[in-house]
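First chain A sits with chain B, and in the next complex the same chain sits with chain C.
What follows is the complex of A and B.
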């Protein structure tokens, strides 16, 4: 086969992917940049207004509130669930797997993986029932049992609700990575520690945790970026309310563009917001890259993801 | 490392102490096991109750104290043969749409991602490094950034309110991830296997189809399952890009049921949600091991 024909075949194999990526990824990417300099609305007319969207961003008092919501939501979910709780499940299930075999351990891990593969709206239905403000819901049904008055959970503790609901999904990511890292630790280390008289907690502290340091850092960094741009479950459960209390940055941009009842279609401002979010993400990754010294991990991989 | 607690060698107490120590260790171990199981069971309780409720509540008239079912009924499933209200589209048409979206996603991911991943993984050509970098960069570009301009693109292409539009957009956004995962599977096939095919006189295309593809079958299966569930469950793009009821998927359907019946008819709400999740549950039970492998390469945020 001549070189030219070879290149042609390669092009043929790549063409569909290139076409799709070009139309639905690259072109929209460039359009986003362009749109952020217009005051486009639902009529989709190109009316360039210079940097005024970006200027408006710095004057937007709601955005400063949204910013702190985002910080609270991202790091709250990350620290409580994606890292800590994910690690706890991984430790517990690896303990169970070691003593009682793979089956009970797999059961728990599959159970925690299930929310990730549940259609988001169905997941929303489940939580809407658990948190229902009347006695028909789970929590209030239990309160009723004890003769307590029902609580409207979602409107009284909106931030806690979105952290919890996202955390239950987010925990499985850390769980899977930590579990595979923990089970791949060679057993001799643990035996040696046990012979020296270290109990389970000591073995975790002095053997397991240092050995899964990279997965821990990786999950922290990667999930920060994922959480920054995830708003689907918030949209379903609170819609960002009450009064912007659970509006995070990505949801704010979404609502500005396609926002529920008032359908604002402020495409120009919304695209500027999303680009602002991209900048925040880039800053976050650079910080993580520096602080966690990921370059070291690049040269010497400690765990294989897929 | 903590210091040795019991210096057995210098202990003069003898066997009695040893037995005592062993018993104590066993007790400690039992306590720890008890503690760990309690933790797992208690923390999993909301999940079990949540999914359990979805099933129980769909088949019952009324739940007492929120959790205790009373009486068996199938009337909650009446939406299968009659419209919940006259504003709803036909359920089976909606289900068919959902299925088409899932199938379309799967087809695109397999037919487009697989050859691309093979080329990137195995062939030498000028822009290889560039493409590889591009795949990674695109993968880290969040979907929300593109949502608005995608709306523009779809409207320009006259694909708004159509399933084709949604699944092209979804496929486009998932493609880099798919290519990246499939590339990993191709990387795992030993060169010798492919080389031996070439030596025996097969062309590159023949070796790909007859020798390499069978080797990455598990990868393709995992991708297919993953994309199917992903397309079946899609919420945000469907809600944003599809308004006309003829093109609704089950996501829009359940979304609407929440809006119209949340506090009035939980039976209907849970039954429609159960109807929607049932195929996923079946898939999930048989394939969770595959799914665990694909999850870590990063799907949705949270």
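What follows is the complex of A and C.
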């Protein structure tokens, strides 16, 4: 009797969360899966067409371009900015904190965090202004000062632009994690290394980096997944163009569904693309899990610094 | 090898004065111990020798070369940290090889030197382990090997034995001393353990709140303490230190402690002491510098045993004279009972006298 009531209590307590998960996650998930087997368009009719969307995906020559764009975008942003640049800011600000106190260090970190607090539209518009092809743009204004001709940054270097704009935002995530990891390393390791004859470069290479290995791997894996599904800044800045040059997988799916400049409302095909991306993400996760040996991190405490 | 000289060395952290105007000559090839209670600035002083901290004032000289501002990597010092600070991600071999790799020593030579030094500190069978897989004592040996492998001019040890159990501490003490003598390395060892200081040191520098109290060979710390702090810090059980003043009655002089205890002034001391009549003094007698007898003597004191405490081979006999306590150390086999009345015979030449005002010693016996 009491046991049954206990089960009922558990169910009652879980119900709200369960309801939310069901209505907003599981049901749409199933609907999306189902939709990918239809040729639904702006008329929103459920017309099942079997695997034809998936067959079309393999024949889609644009998708193969989009795939390579995605690889370039994700790993370019990740390696240049989210990990490397984030690490550089973290190293620099931790050095500043050690030499000149916590306050100036906090100031610089807050500066790099600003883009994260800025609404995406505002952030995008700021970049549009910076990169404007006329003399009114910031960069071209500067060039003009030196007597140079204006450059159409976005149409000439579209991929570089979206990597840069995403990277400037993305670096702050790594920065925060790396900074806290670096400052939690006992000072004595660095002192020991200094006495052993290591300069600052050696200390980073042989002491700091090995000791922040787990945050490094975590940021790499986590940011890969979030970059795979993020397209909002690309949408604002280039819309995916010029001519698919900056269309990544998630943006392609978005454009197929809700219309970019080739507006088509092909919901069936768009959902198939989305499910394809989910599979790519799962494969990436499994690879990271294996290669980075995350099980080790989960199974024992990895705070190697005392 | 090197001899090291500190001149008016001061280090402050904000408003905290960690090391206060310390001048010290650290002789070549000897063990110099920095001794003092926790927080007295021992580690800070050591880190200035290593070049990790820069002095706020004063200078450090290695063989008459001023080394202020010279970074640690150019000083050729070996340092064993209080916490060992072994690199947790490296094996024992890699930890010890690290300084040599940075010096770009050829691979074969690295291997030979690491193997040689690990034989000396007896950890040859642990080379593949990581620091997390070793006991405190083993880690301490690895840290020592890492410090020694580069043949340093100066070896700095920060409480290297504090994490060890009593038995291992004694063994390792002997081992460090042996290694130091074998290599003849100038060594500075930090400790707050006076037994460690006395057994290891050629010279001991006693520090209190960053200020140097006394710098002398260890025997002298016990026989001729420069002030009350050194007298009370050194020796176990601690010295009896009693507030006193000089009284003269019937042409005989006494140290009067409280209302009930009078210690006769030894004849050798009369001259030096009489001028201090009426001034605040502190008399110090170590418990082991008194004996208990049934029979009276010229300068003996009659006392009643208040308590007896057995300390292994010795026992500590506690006498009370009103509110004043006097403790005497005697062999454990001497029969002494609570309540018994006995004669206490202080060893006349071992009585210490201090000025209560500035706590400095007043030389009495010759």
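In this text, the second predicted complex is superposed on the first by the 283 of 306 C-alpha atoms of A that agree within 3 Å, B and C clash if a C-alpha of one lies under 4 Å from a C-alpha of the other, contacts with A are read in each partner's own complex, and residues count from 1 in each chain.
To be clear about the criterion, a residue touches a chain if its C-beta (ideal position, glycine included) is under 8 Å from a C-beta of that chain, and two chains touch if they have at least 3 such contacts.
Model, not experiment: these values are computed from the prediction.
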Classify the contacts of A:50 with the two partner chains as first (chain B alone), second (chain C alone), both, or neither. neither
Does the superposition put A:135 against chain B (first), chain C (second), both, or neither? first
Check the residue A:198 against both partner chains and state whether it touches chain B (first), chain C (second), both, or neither. both
See if chain A has more residues touched by chain B or by chain C, and give me that chain. B
Using the touch definition from the top, say if A:35 reaches chain B (first), chain C (second), both or neither. first
In the overlay, answer first, second, both or neither for which of chain B and chain C A:210 touches. second
Name the contact category of A:186: first (chain B only), second (chain C only), both, or neither. second
Would you sort A:177 into first (chain B), second (chain C), both or neither based on which partner it touches? first
Quick one: classify A:166 as touching chain B (first), chain C (second), both or neither. first
Shared chain A footprint, chain B vs chain C, residue numbers 193, 196-199, 202, 206, 305-306
Contacts from chain A onto chain C in the complex sit at residues 186, 188-189, 191-199, 202, 206-207, 210-211, 213, 304-306
Of all residues in chain A, which touch chain B in the complex? 1, 6-7, 9-10, 13-14, 16-17, 20-21, 23-25, 27-29, 31-32, 35, 44, 77, 85, 88-89, 92-93, 95-96, 99, 106, 108-122, 124-130, 132, 134-142, 144-145, 166-170, 172-173, 176-177, 180, 193, 196-200, 202, 206, 222, 225-233, 235-236, 250, 253-254, 257-258, 267, 270-271, 274-275, 277-278, 281, 305-306
Which chain C residues qualify as touching chain A in the complex? 47, 50-52, 71-73, 75, 77-79, 81, 83, 85-89, 98-99, 102-103, 132, 146, 150
List the residues on chain B that touch chain A in their complex, please. 1-6, 28, 32-33, 36-37, 39-40, 43-44, 46-51, 53-54, 57, 63, 65-67, 108, 111-113, 115-116, 118-119, 123, 125, 131, 138, 140-153, 155, 168-169, 171-173, 175-176, 179, 181, 184, 203-205, 229, 232-233, 235-236, 240, 250-251, 254-255, 258, 262-263, 266, 269-270, 273, 276-277, 280, 284, 288, 291-302
